[in-house]
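To start, the structure itself, in structure tokens.
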Amino acid sequence: METKKIELLETYLILYIDHFKVLESLKNPDDSDIVVLDVRNAPKQVKGDQIKGAVPMAAKDIADHLDELNPEKTYVVYDWTGGTTLGKNALLILLTHNFKAFELAGALEGWKGMNLPVEPAK
Amino acid sequence: METKKIELLETYLILYIDHFKVLESLKNPDDSDIVVLDVRNAPKQVKGDQIKGAVPMAAKDIADHLDELNPEKTYVVYDWTGGTTLGKNALLILLTHNFKAFELAGALEGWKGMNLPVEPAK
Amino acid sequence: METKKIELLETYLILYIDHFKVLESLKNPDDSDIVVLDVRNAPKQVKGDQIKGAVPMAAKDIADHLDELNPEKTYVVYDWTGGTTLGKNALLILLTHNFKAFELAGALEGWKGMNLPVEPAK
């Protein structure tokens, strides 16, 4: 049973990327391999703000926009909180189409809780 | 590793049902295949409100009430938030007893965050 | 598919321990097998309060402090909420080093939501 637990944790955790790596990428956005996708299914008035530099791409629409993505980049998706499934839905679509992709650990809630940079939603 | 990640995401996501399908069922509750179970382990004063039409069935009691459930229905369980384990506990009991069951994506927190219909807890 | 779902739920749920068992251990902390670790990566001013009797051990530092842990004890880790990955990171380190360890179901958010005992963060 411990082996199964460890395997599950290893696979689960590798779905995520830490906010440190995303923050690092914000310093030189033009040189960065990382593109942050805001996958919330909400209009910008409802979203209010977003992670600085994020590209809005609703999880419900992502399958129709895969040709706009760059296979050389690493995509980081986030939803409102870590307890929702939208980020994982988007992640599954990206991974099954061979994109490098991760979910942001802690989601937008965690990012804002640490007072990391946001901007008005696009 | 990518294959393992995709397999985990696929299995994890299929545990959940989207609020759209639950909302749809609320339009014609008498004809609906879906029954929403509020599995919070709390008295109704603490719960305050609940998803409209939900049946209260605390996760801690669900194993004793399986004979009240209808094998023809699809059960949708929810807890306060998506970050708790109560919904998954209830779901495991239902699935191991061959009921069709899902956890509500986003849980009560997400439902209320989208201003979907609630009523006083029963 | 149902078998895969059940297997995932079983393995996932066994990662967690319920607040009841932790509460029980607080009654006789000197006799208890359980040690609660607050694995939040934050200074105590930011943490504010913590679960009563918890030992602060930031997830980012835990790998360097394994020699301070007792292999006879059961470690219960918690982070701010259940939607973050810090608890699971700490848990993976503990389990891979053969410690008995669980994540607290509901995390600090759930504990406080039930008005269970807290104290100023250490």
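Note that the chains take the letters A, B and C in the order they are written out, and that residue 1 is the start of every chain.
Note that in this section a residue touches a chain if its C-beta (ideal position, glycine included) is under 8 Å from a C-beta of that chain, and two chains touch if they have at least 3 such contacts.
Chain identities (UniProt): A, B, C = Rhodanese-like domain-containing protein.
Predicted model only: the values in this text are computed from it and were never measured.
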Contact graph of the chains (line, ring, star, complete, other): complete
Chain copies touching (chain B, chain C) - same or different residues, decided at half shared: different
Cα-superposition angle relating the copies chain C and chain A, to nearest 5°: 120
CA centroid of chain B to CA centroid of chain C, Å: 26
For chain A, residues contacting two or more additional chains: 8, 12, 81-84
Chain C contact footprint on chain A (complex, rising order): 1-2, 4-6, 8-10, 12-13, 16, 81-84, 105-107, 109-110, 113
Chain B-touching residues of chain A, taken from the complex the two chains share: 8, 11-12, 14-15, 80-86, 88-89, 91-92, 95-96
